[in-house]
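Across the two complexes that follow, chain A remains constant while its partner is chain B and subsequently chain C.
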Partner chain A sequence: MSTSGTKENRSDDTRKAAGEGFAFKALLIGGAGLLLTLLGLLVGDSPRVGLGTLIGLTFWLSIGLGMWFLIMLFHLFDAGWSTVVRRPMEHATTIFPWIGAVFFVLLFFSLFASVDDGIWKWMNEDNTVIVAGETATVEEDVLYHHKSAYLNNAFFFLRTLLYFGIFIGVATILRSASFRQDGDGDGAWTTVCRKWSAAGIILGGLAATFASLDWIMSLEFHWFSTIFGVWFFSGAMRAALAATVIVCLLLVYVGSFRGVFKQSHLYEIGRVSLAFTIFWAYIAFSQYFLIWNANIPEVTYWYVNREYGNWWWVGLALLFCHFFVPFLFLLFYQNKIRPGRMLFISIWILAFHLLDLYFNILPAKHAESGWPYYSFGVSFWDVTAFVGIGGICVWAFVKSYLSQKPIPIRDPRILESLNHHE
Partner chain B sequence: MISLEETKSVNESLIREARPASVPRRKLVENDRDFNWITERVCGIVEGGTPTWWWVCLLVSGFVSLFTVIGTIYLIAAGVGVWGLSNPVNWGWAIVNFVFWIGIGHAGTLISAILCLLKQNWRTSINRAAEAMTIFAVVCAGIFPLIHVGRVWFAWWLFPIPNANEIWPQFRSPLLWDVFAVSTYGTVSLLFWYVGMIPDLATLRDRAKTRIRQVLYGFFAMGWRGSHRHWSNYEMAYLLLAGLATPLVLSVHTIVSFDFAVSLIPGWHTTIFPPYFVAGAIFSGFGMVLTIMLPLRSIYGLHDLITQYHIDCMCKITLATGSMVGYAYAIEFFIAWYGANDFESFAFINRAFGPYAWAYWIMITCNVISPQLFWFRKVRENPAAVWIICIFVNIGMWFERFVIVVTSLSRDFLPTSWGYYSPTVVDIMTYVGTFGIFTFLFLLFLRFLPLMAMAEIKAVTPQADPHHHDQGGSH
Partner chain C sequence: MSQEKKYGLIAEFETPGAVMHAAEKVRDEGFKHWDVITPFPVHGMDQAMGLNRSRVPLFTLVGGAIGFFGGMLMIWYMNAYDYPIVVGGKPMFSPMYAFPVSYELTILLAAFGTIIGMFLLNRLPMHYHPAMKHEAVARASDDRFYIIIESTDPRFEVKTATTMLKEIGGQNVTQLED
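Presenting the complex of A and B:
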């Protein structure tokens, strides 16, 4: 008994050392990526680098937010099957403070950028905007003046602070309650989690909605859509589920999830993923269809711009590859239970989620003609931002993962989850 | 590739550490009721003597439903002028009532189909009655657009039947899509209700004491013998119908929302309408399920089958969907301002502070504020309070549709064409009559068909769990 215990301890120590080494490498890569991105903001085509950074930020943040929403939903529904997959999600929410820190760098860059170099053009009254087909400054734009009570630098800054305060605050409470339950096995922590999830889902729903309006929709501040927050939420949920599959399969690969994360869990994630694939398409279609059908120029221009140049192909790729392919793929039982197939479709969904963010963010800068200034393409700085932020996120995740039990061992539903069958 | 089912290198040390904290799940059937008790209690509703209150309610509801019949006959004889419609409000109570009833018709299929796919076992006690409610609500909903077309004898033109005169419907109109969406939804809901009822109809057949009951229940039970093959086919059919019904639940109210959102009318053309309408429909549906089930629970002593846990779950869904509706109201108002479109801003300010402000604030109070009381356990555990809040929800959801339809039309782009809409007695009586129709049909259901899905309830009792005895079960 003692020999096997020593062996287990040794193998745990080896795993931990390997994990720490991996985390350190991720931190180094992340730091290097972020430094390069900062360099790009200073010496490169700064609006392009800034927009690329925003794409990277929203990509990684959406994964964290989606997982955060899933954690809260699991608590509220008193879900049994999901307990083992909840723990990696809890680790993932440790990325919020780091994403927030990088976000504020981008925000300061846009605040202090020279004319037309920032990414939220309403931030500087001398920036150029297209008003009724003519170029003008933000100062001359009556639409901006109408919205300036909401879209102004101080309020935007405060709101961003509030959003991150909510994300970090609620996620920290839920995480620490779950971790502490591992130690004392007290059922009261579950009640704490349920109560905070109920409050968090309301606060988080509002914060994520207004964050998406501020950070993405206000890039083209003339444009508006009431469903935009729901679109962001639906994309975040898809990204989170896809990332969960990848993380859990990696944990099976490294050993800690062997015999813990089973086919039945993969199947359930596949089912939820199918539901959110349909939900995303429903939301994206509703927005497109209602704007197209009413044909009012004050909002149609947003989509017209996204049919310009190679953006047309991006739009079609979203329709076919971000909806039809995952939808048809996930309909089949066999595809939802085979790790290789789920890994494939999860990477696929994440890739097209990234494309969706490109579609929503990059055409925001307009040329004097009114058409998008940037055509679709992946720049070197996009890669540095993506890898940089991703590296930091991976580091934060692994660091938290190494400090806790791989699953919530004292959660009231842990045995239901470990013994879950389809 | 990694195998998830291999048993060799399982992380056993971790699995051994798993010792759950004690937070037991709540029971779906209280007081350890056995299979026989469940059968007797549910079949007793159909097999026992007819209570006096049932006759009284049937006669009253039959009388009230005559209001709709008479109102409709008068409308067809005299024309739509007998309603309060005029320019600019040429959609009035009829459309409001249609959306109201079709919304109520959402909870049944939601409970049966979506909660079935989500493996939510608590649905079993309430799904049958909710499905019946769905079908009767769709019946009530279907009346209004049909009589609203004006010349009802041409209503068949809505169907794409090729004919010599090449009369084709306007396929680009969501009003036509409604015809297909609602009729498909009605058909699938009916099928789903019926398929789910087959094992229980067979139970009634087997217990029938009169020849006519044996023949009728026997006919509709379609030779059900409860064999493994029957159950296997039944469960597959049920799952497929659940899969089919789920997109239909969403599509029906999405298309109803398109009736408004595809237009250019301020207050109607907004992108959040589809999910907002679906959330509102589920909200109103659950409001109505609770309105009906709470009194029945008391009358028939069904407390062990519709437990406090069921009521809690329904209250929480009502709270969640009510909050979603509140979110939609808020975001609409915010974007109406943010969009900097004068007409859009005006539409919303007019809703809140114009001549129909009373309707708007009734809507906000009933739909957004009243369900917030469900945050409190004491409220959820007080059936009278839950019932009253659900009545508020029903009222609020009718007013929501009234606010959307009437405020936007009564004051649109040109102040010269503004008007104030008031319903006529015919409008009011035709609507009131639909409550009679709904109640009449529900009373018939209550008396002749199994109110609860006995077979499904039995399947979620502890006795149905093969490991029940291992855990010290006594049955």
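Presenting the complex of A and C:
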């Protein structure tokens, strides 16, 4: 007994050491990527690098936010099947403070950038905007003056602080309650989580909606869409579910989820993933359809810009590859229960979620020459920002993962989740 | 024994485990026309009986496809072909504005397809089943589990089937009147 005990401890220790080594590598890569991106902001085409950084930030943040929403939904609905997959999601919410830190660097850069170098045009009164087809400054833009009570630097800064306060605050409460339940097994933690989820789902819904309006929609502040926040939410949920599949299958591969994460869990995630694929299409189409139908130049220009040049193909790729392919793929039962197939479609969805963010963010800025605005393309600085932020997120996840039990072993619903059956 | 045609054999089991293992053996014997009656869903019974996945989704897909393309065709026919009207300077036909209606029709006919497929595949409505004549079968909604092997099964032969049902733990093996 005792020998087998030490043997197990030793393999646990080596596993932990391997995990720490991996986390350290991720941190190094992440730090290097972020430093390079900062260099790019200073020496490169700074608005383009800034937009690329925003794409990377929103990509990784959307995964964390989606998982945070899922955690709260699981608590609110007292879900039984999901207890096992909730734990990796809890680790994933540790990325919020780091995302916030990087975001504020970008925000300060944009606040203090010289004319036309920041990414949010309205932040500097001397920045160039197009008003009724004519080049003008923000100062001369009557539309900006009507929106300036909301869109001004101080209020934007405070709101961003508030959003991250809500994300980090509620996620930390939910996470630490769940971790502490591992120790004392007190069922009261579940009640704590449920109460905070009830508040968090409303606060989080509002925060994520306004965050997407502020950070993404206000890039083109003439344009408005009331469904924009829901678009961001639906994309975040899809990305989170896809990332959950990848993380859980990796944990099966590493060993801690072997025999724990089963076909029935994969099937449930696949079904929710199918539902959110349809939901995303419903929202994305509704936005397009209402603007197409109303046909008002104030808002149609946003889509007209996105039919120009290679953005046309990006739009079609979103329609066919971000909706039709995953939709038809996930309709079939076998595709939802085979790990290889779910891994494939999850990577696919994440890739096109990234493209969706490009589509919404990149054409916002007027390029200096030739094109009216940035064409679709992946720049070197996009990659450094994506890998940099990703590296930090992976490091934060692994660090939290190594410090806790792989599953919430004393959650009241853990047996139900372990024995979950289709 | 009377000469009239029998529906098949019925055997009683006391626990879900017993009926599941018995079902596995019936499956391995190669029987095709047989069924298990339980008071509640028993997880894993589909595999134990060797059942494939339901074919209802196929009906759903066909219903949905008819709804979607039927909706598009209907709107094209009405607005662009039979009685063209310009509305708000929009094209006579565009999948854009036809989409919401086609989408709703997709959902509606997919639901119809599901219901119809479920009825057809379950051969519903079925107002009579020979098992209803069996006195003990009322307990199948309480605390007993049953296996029925139908006489239409190509491998069915009263004597061997009775012996087999007894061997795999079946009690009160009796014949069912049709």
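Keep this in mind: the second predicted complex is superposed on the first by the 416 of 422 C-alpha atoms of A that agree within 3 Å, B and C clash if a C-alpha of one lies under 4 Å from a C-alpha of the other, contacts with A are read in each partner's own complex, and residues count from 1 in each chain.
What we mean here is this: contacts are C-beta pairs under 8 Å (C-beta built on N, C-alpha and C of every residue); 3 or more make two chains touch, one makes a residue touch a chain.
On a predicted model such as this, the values are computed, not experimentally measured, just so you know.
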Considering only the touch criterion stated at the top, classify A:G187 as touching first (chain B), second (chain C), both, or neither. first
So, A:F157: does it touch chain B (first), chain C (second), both, or neither? neither
Quick one: classify A:Y303 as touching chain B (first), chain C (second), both or neither. neither
If we overlay the two complexes on their shared chain A, which of chain B and chain C does A:N293 touch? Say first, second, both or neither. both
Look at A:F104 in the shared chain and tell me whether it touches chain B only, chain C only, both, or neither; answer first, second, both or neither. neither
Once chain A of both complexes is superposed, is A:Y333 in touch with chain B (first), chain C (second), both, or neither? second
Looking only at chain A, is it chain B or chain C that touches more of its residues? B
Which partner does A:H421 contact after superposing on A: first (chain B), second (chain C), both, neither? second
After overlaying the two complexes on chain A, where does the chain B footprint on chain A coincide with the chain C footprint? 293
Chain B partner contacts - residues on chain A that touch it in the complex: 8, 76, 78, 142-143, 146-147, 150, 181, 185-187, 189-191, 198, 202, 205-206, 209, 224-230, 249, 252-253, 255-263, 266, 271, 278, 282-283, 286-287, 290-291, 293-294, 296, 298, 338-340, 405-407, 409-415, 418
Going by the contact rule set out above, which residues of chain C touch chain A in the complex? 43-44, 53, 57, 61, 88-90, 96-97, 99-100
Where on chain B is chain A touching in the complex? 1-7, 9-15, 17-23, 25, 117, 247, 250, 254, 258, 261-264, 269-275, 316, 323, 327-328, 331-332, 335, 338-341, 375
Which of the residues in chain A come into contact with chain C in the complex? 285, 288-289, 292-293, 295, 331, 333, 421
